[in-house]
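The first chain written gets the first letter, and so on, giving A, B and C; residue counts start at 1 in each chain.
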Amino acid sequence: MNKYIYSVDRIYFVNVPRNHDLLEYLIDFIDKEEIKIGFINVIGSLYDVVLGYYNHESDRYEENRLRGIYELASGIGNISLKEGKPFIHLHVVLGTREGVAYAGHLLSGKVFVAEAVIAKLSGEPVERKRVSNTLWLWK
Amino acid sequence: MNKYIYSVDRIYFVNVPRNHDLLEYLIDFIDKEEIKIGFINVIGSLYDVVLGYYNHESDRYEENRLRGIYELASGIGNISLKEGKPFIHLHVVLGTREGVAYAGHLLSGKVFVAEAVIAKLSGEPVERKRVSNTLWLWK
Amino acid sequence: MNKYIYSVDRIYFVNVPRNHDLLEYLIDFIDKEEIKIGFINVIGSLYDVVLGYYNHESDRYEENRLRGIYELASGIGNISLKEGKPFIHLHVVLGTREGVAYAGHLLSGKVFVAEAVIAKLSGEPVERKRVSNTLWLWK
């Protein structure tokens, strides 16, 4: 059974500063705080976002570039190890000025406002293993 | 006041295997692990999804069938008891290849990739009670 | 570094009664329960919703009014202090009868069904500070 068991160590609230790339900032943060296993939720407002859609035939992420500023209506994901380093898998839902929603795997996006709640877990960290050119999963 | 109080027992990371129905697999999992109260977040990629929209006039879930593969941009929900057994109430947001979002109550959907974070809580489990033909709520 | 560290005190399950404004009810709830720091997820069904989109040029929330009933496919957010009182910052994704998604900052919305999972955290509560006419952020 593909299951891993943890307990909650602590919860961080992080106000990500404006104009940083959201994932780059958060990965730097969890690296410094030695968060190797965790989960995250984040809301706010992002601009110049690239959403990924995994195409299983080509085994590649196709990119949808969204210019302008969007509400970050939802960002949820998990933290685990990939090639020995803390890695964040984050999926997002964005809202336009008219309230229309876009959704996908977050490849990149700049922060206008981002309030992240990060749970640091304790226990033996699970490591992602490569299962194809692009996909790395918990085995 | 309709409130129930719990503490966090443990957190599970679950890599749901490909081609399983997401809800069937997770319900089987929480049944085996005796998770009677909890909360969940799940991201990944689903195919052949059926979203529900509750119509309060007919007291029925209307079904929207989505063929093809979607990013599972968000799956959040709760675990409680229904007719004495662990039950998952899960709502999802899906993203198409173009990043367009669909959203609703998850009735069924097959897993391409699904990474679930499940919190097992301790305390007296709340039981859903039938309030109409279709709706079962915490009282 | 803009970070604040907490531990989990307890988890509440709340069945929000029909026809209440979701945010008003939840703010009243966390006030009574003295939840000054926390995080939340909520799913269900809302009607007469007003979504906000923050326009950084005018420094105002533009409003998108959605009439009718929607699946509340996702509601995630955080709890912290604003002007000395517990405050909920909640972003939502809604689904129409056809499964189409809308998303944004929740300004108001009435409950048809709402199941909230609220984590009460312990530690020194962070207080929002005014950074513009409209925005209050963790500093």
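We adopt the following convention: contacts are C-beta pairs under 8 Å (C-beta built on N, C-alpha and C of every residue); 3 or more make two chains touch, one makes a residue touch a chain.
Worth saying up front: this structure is predicted, and the values here are computed from it rather than measured.
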Same or different for subunit B and subunit C, where same means more than half of the interface numbers show up on both copies? different
To test your reading of the model: what rotation angle superimposes subunit A on subunit B by C-alpha positions, in degrees to the nearest 5? 120
Distance from the CA centroid of subunit B to that of subunit C, rounded to the nearest Å? 21
Enumerate the residues of subunit A that touch no fewer than two other chains. 8, 41, 74, 76, 93, 101, 103
Going by the contact rule at the top, pick out the subunit A residues touching subunit B in the complex. 1-8, 37, 39, 41, 51-56, 62, 64, 66, 74, 76-78, 80, 89-93, 101-105, 119, 121, 126, 135, 137-139
Taking the complex as given, what residues does subunit C use to touch subunit B? 8, 10-17, 29, 33, 41, 43, 45, 69, 71-74, 76, 93-101, 103, 112-113, 115, 117
